[in-house]
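Shared between the two complexes below is chain A, which has chain B as its partner in the first and chain C in the second.
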Partner chain A sequence: MNKKLSAIVLAATTVISGVLAGCSGTQSESSAPTPSTTQPSASTPAGKTTVQFWHSLGGKNGEYISAMIKRFNDTHDNIEVVGTFQGSYDETVTKLQQSIAAKTAPDITMLERAYVQMFAEAEVLEDLTPFMAKTNTSKDDFPEGLMGHSVFNDKIVSLPLNRSTPIMHINKTMLDEKGLAIPTTWEELKKVSEALVVKENGEVKRYGLSMPYDTWYPIAMISQAGGKFFNDDATSIGFEKGEGVKAFQYLKDLQSTGALYYPPAQDSGNIVNQMFTSEKIGIMFQSTGVMGSVKSNAKFDYVTAFLPKDVAFATPTGGANIAMLTDSTNKDAAWEFINWVNTDPQGGQQFILDSGYLPFTKKMVESEPIKELWAKDPNRKVAYDQLQYAVDTNKDVAWPQIMQEFFKAIQAIMYDNKPIEPALDTFKKEAERLLSE
Partner chain B sequence: MNNTRVWQKLRPYALVLPAMIGILLFVVYPILYLVKLSMFKYNLLNKDKSKFIGADNYTEIFSRGDFYNALLTTVLYTVGVVVITMALSLFIALWLNQNTRFNALVQAGIFTPHIISIVSIALVWMWLMEPNYGLLNFALKAVGLPALPWLQSSSTSLLSIIIVSVWQNVGYYSLLIVAALKNIPQTIYEAAALDNASKFKVFYKITLPMISPQLFFILVIMTIGSFKVFDTVKIMTGGGPNGSTTTLVYYIYEFRTTSIGYASATGVVLMAIITVLTFIYFRLLSNKVHYQ
Partner chain C sequence: MQLQKEGKKQSGGGPELSIDSVTRTGSKPKIASVRKTWSMFWKAVVLMGFIFPFLWMISTSLQTFEETMKFPPTWIPASLQWSNFVEAMSSGPFLTYFKNSVIVTTSIILIQLAVMIPAAYAFAQYKFFGNKILFGMVLLAFMIPGQVTFIPVYLMLADAGMIKSLWPQILPFMSNAFGIFLLRQYFMQIPQEIVESARLDNASEFKIIWKIMIPMSMPAISTVALFSFVSHWNDYFWPLVMTDSEAVRPLTMGIAMLRETEGISNWHIIMAGNVVLVVPILIVYLFASRQIVKAFVYSGIK
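Right, the complex of A and B next:
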């Protein structure tokens, strides 16, 4: 009976949505979340718990995380972790929002670190403190630079997983040709990138520096200039003493001479990667996450270095954390998986070795395989070492909203040559409005 | 006997019932829900944290500069797409109206873009419009014209999107108009020829009025469709640079994860605008349309 009814409803839905599609055509994004119907699965032997795990890693990294999940399942008879790729970080967030409302959310999920506060504020993330106490793990097992988004109202709501930072990627061959040293300050970076420019008939054929279109790099530069993104009370922006103007003015100066190539917004990451490996730019600010693919594509001496400093070295962090959802019914099993990822050499550590993300526990850093890897590929060590300067000052529940406004300011300044100060003033006004809500 | 009469009365309702259930469930209910959401500062993750704020979202919409910016962009886009597509497809249709083998080929050719997915089209055009290596700028330079920044400057980005939409649509609408032209009885033209009417007059007094129902249909459909443009914007520009291609629907989309209440309120406003537009069209133009 029930089956028949649902069949009718389904048929009606198909017909209607066909009709609707004819006049809407804007619904492309509304893919329904995969319902986790397999919870206490019937096909698995009795007593086996199924843990749903959503992640955002596709391609090679997706294979690496699937391999990690398989290693866990092979060694644990009573737990089955089902990993599901849910698209990009943003898409995963959208699907989580839908599934939490529909009570079909997974037990654990990968969550881009900037969204953690928003989820924690809605009280949908489980406090991991009691679980950690049970397995004798603590906050101190993790590098401090990666814990910026883990604590909310004294609760540990997420732990680092696939984390990255922006870093300076350098075509050393190109610098050597001109007899240039690797820049460590803004001043030096300016000289080097201007010296790398090649012009033919007034057209720039080779640029010095580039970076993807993202809030990451301006935020990094603001903190290098001594500012903070939000002030300490989180009531307004924290770069009012001219740090923001200074950072953007620096970029505009470089842009005007051809020393900086600022890519178009769409697909900017791939564009700059391609320009870097095809030697159309000499230096790029980019995530540590691309080191693997750049290394395999570059036909020149490729090195990495800290982002240059202005008054101080500083870098934000990125990537995603792992979090447990409050509605989960299999919390102990879920924690066993998270704990295994954190502590077992076959867990997160192997995943880090495979993928190139940052090691995220202190034990991993001290482990033999990681040390061997760093000896072989010093670029990956640079990325970890830079974490000592990691500082995340854009933490707030309202950040995802404020990020949109900040993007608008970046676009106005970088693409439309709008005066910097008024653009940042407009942004400040919007930010204050959103922070006060 | 009585039973049959009752059934006869009920039958039409019973027959439309499945469709009506669908419409109620998937059209009416979502719209009502949208209106409800628009009055909340809604927390998608935790319903208990949602706040009823009445018309605050609407006040915010009308006090924000970026909403008017999005509205203006949408209007410019719509006017651009509708005017250019209408003019071009009318012109092409008149030309294609002669039955030659070559015309059949052309007709198939210009219709092809319509059956290709808009995603592929947008991606191909992004390559064509690439400022440094794209084919369009190569062509411009080859004939001695200055290269355009296309999608990467706020002064040309909207135009670029309009070009892509027109290119995709023009074949389909030409086909509709050709079909309309073929339906005009030859006898009228013969009569006009006997009266020695000029070509322009024939077009203006006979052709245009005879195909006006189709033109009107195209106008309404295209206006509504253009007002809801999303896919090309999402793929090609992401609303930029600097908001120059942020249309209303994309504007709504931008707020989907962070402020669903505000997004819903904007959705309601968009719905109202389209309703009013359609209403005006029917009021103003329907008397001028010649139905046979």
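Right, the complex of A and C next:
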């Protein structure tokens, strides 16, 4: 009997801890080996304010942003900014959501621009207007094209930081061989891409154009065709007059002749980069963020140009902003850091020089180091100049979900050769459903 | 291992030659040898499928950036770039990451063994009220992925002020449903007579577990421990959502940080990091592989 009882108890306890998978979190579990719990930054000297800053930059850019944070800390005795990598943009968003609920959120965070509105609507982002007034800065200090995700309900909820746009990357040597000029319109791009194709035994050995599998490029093309991604009331899509069909039809036409290589979804960015640098494609639509590494790898005359226009030049923007969280208890110190990033030559300006992201204040653009950089590398100036055509029309709280639906439409059209109109109709219905929620 | 190596050697001209000999003679020993050659051939194919990504990883980890960017891909680097490893390891507090990985994984395995063995024993040896329901619940736990539970778990542990410690990576894995299941099946196969004769000698339940069950189930126990080791050592999702600061992060997070968010990633550095991540697993695997095969043969899962 006794044995039976102990067996029940044994089994029951394990089951409970198993089913609740950690919800059991038995804090009385003191007999187990104690893992070392090194406190990261909490051990700050008295009188020093610690500002937690979450970001999503890994690799080289991660090193550049850490270096920037170090430059701030070295010159500020009273503030210690702790920068922590929190995974990709999407992963950072997930982490922010849970940590805001758990009250473990940082003071400031990097936020991919398309997610800003979602957090702004939830009223967890601090209005920066009063802080900006105190330091005599205003939103006019920033290029207008980069402010599309900053103002919601008359509040400035985020400021640009590491921003990029899509741009056209060109193997000019390849174009010169064929006596082709850099295309500026869809029509010209079509001719150039088709002229660049090399076929051997019916197999395409060289393509004209490519772009990563992303919503960015179709959105750019819809704007170039005169459409908007969402209509102005944000009740439905804004490309019902055939702009979407036109953009996709254009891509399908190019794809059918071998002029367009549309890469597989997985790791598409890396694939097109590699094909471009190894001269398997002549032109690619890709982020400004890859210019540095493409330049160092290209063994040909590499130039960039505006994305070609259909009825107008247009480009969406990308990258991330910086935002302050309402729950922060160190807002003044956090603002001091943000303001330093925006205004000090050792702040964001140096980070831009290192990383290749777009300069994000007007003062930076006019600064000597940026001018020198542009003289040396005109491609970077092209990227900035294209900002005059920057237009972000995919702003909505529901964007993250709608993006998934748009990806499905892209897959259906580009991979499964589904008819364009029905695919976009299906997408429209889903988008309207999500927008009305 | 030996078999597979031979298989690879023969896979070259083997199959066609053997088919030839079947049509000619058709005698029984010949058929057996054809079968053997075929099976070795397929083993070699499967082996290549598994080994190929490893070889690619190791090759990439020793290439220069330019070599990783080439298309078609580089197979053998012109000169071995050992500096990639130095660069990968110096890009963050990798010693801390490594230490955290070791502490977390070993703690999980020890706690799991302490919980699993008695539980599996109870399920295997006793018929008590509700044992089927309780065992069903174990299987249920087996089916709930971490993605479902992580937010409540995070909130609870944050509430308890544990987010800056390693506990959030350990506590939720105290019990291992798959392990309880596997060990129960294994314990059930141990002859009842042995357990009963031990009882006649007045052995305590603990003694029966310690002296009979554990020694007789070493293959199964080491299998479960190894699976647990591999899955927690490689886990990225859970540490990502449960840790907010560098000081408590494991190796997988450090390696994720080597990736570029935008732009071209330095694959040679990332792969160097991955080699460092994988080597401990390979070492453990080499020691445990024999035990695992035994375990699967006995438990009938094979």
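Following the convention adopted for this analysis, the second predicted complex is superposed on the first by the 394 of 437 C-alpha atoms of A that agree within 3 Å, B and C clash if a C-alpha of one lies under 4 Å from a C-alpha of the other, contacts with A are read in each partner's own complex, and residues count from 1 in each chain.
Criterion: contacts are C-beta pairs under 8 Å (C-beta built on N, C-alpha and C of every residue); 3 or more make two chains touch, one makes a residue touch a chain.
Note that the coordinates shown come from a computational prediction; the quantities given were computed from them, not determined experimentally.
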{"item": "Chain B versus chain C as contact partner of A:Ala101, first or second or both or neither", "value": "both"}
{"item": "Which of chain B and chain C A:Ser56 touches, first, second, both or neither", "value": "second"}
{"item": "If touched residues of chain A are counted for chain B and for chain C, the larger one", "value": "C"}
{"item": "Touched partner set for A:Val124, first chain B, second chain C, both or neither", "value": "first"}
{"item": "Chain B versus chain C as contact partner of A:Ser278, first or second or both or neither", "value": "second"}
{"item": "Partner chain in contact with A:Ala412 - chain B first, chain C second, else both or neither", "value": "first"}
{"item": "Which of chain B and chain C A:Pro400 touches, first, second, both or neither", "value": "first"}
{"item": "Touched partner set for A:Gly87, first chain B, second chain C, both or neither", "value": "second"}
{"item": "Touched partner set for A:Pro264, first chain B, second chain C, both or neither", "value": "first"}
{"item": "Interface residues of chain A shared between complexes with chain B and chain C", "value": "8, 12-13, 15, 17, 23-26, 29, 94, 98, 101"}
{"item": "In the complex, chain A residues that touch chain C", "value": "3-4, 6-8, 10-15, 17-19, 21-27, 29, 32-33, 35-42, 54, 56-63, 82, 84-89, 91, 94-95, 98-99, 101-104, 106, 164, 270, 273-275, 277-278, 280, 287, 289-290, 292-294, 297, 318-319, 356"}
{"item": "In the complex, chain A residues that touch chain B", "value": "8, 12-13, 15-17, 20, 23-26, 28-29, 90, 93-94, 96-98, 100-101, 118-119, 121-124, 264-266, 400-401, 404, 408, 411-412, 415-416, 418, 437"}
{"item": "Chain A partner contacts - residues on chain C that touch it in the complex", "value": "65-66, 69-71, 91, 96, 99, 103-104, 107, 110-111, 115-116, 118-119, 121-123, 125-126, 128-131, 134-135, 137-138, 140-141, 144, 146, 149-160, 163-167, 170-177, 180, 205, 240-241, 244-248, 253, 256-266, 269"}
{"item": "Contact set on chain B toward chain A in their complex", "value": "18-19, 21-23, 25-27, 41, 43-47, 49, 66, 126, 151-154, 224-225, 228, 230-231, 235-238, 240-243, 249, 253-254, 256-259"}
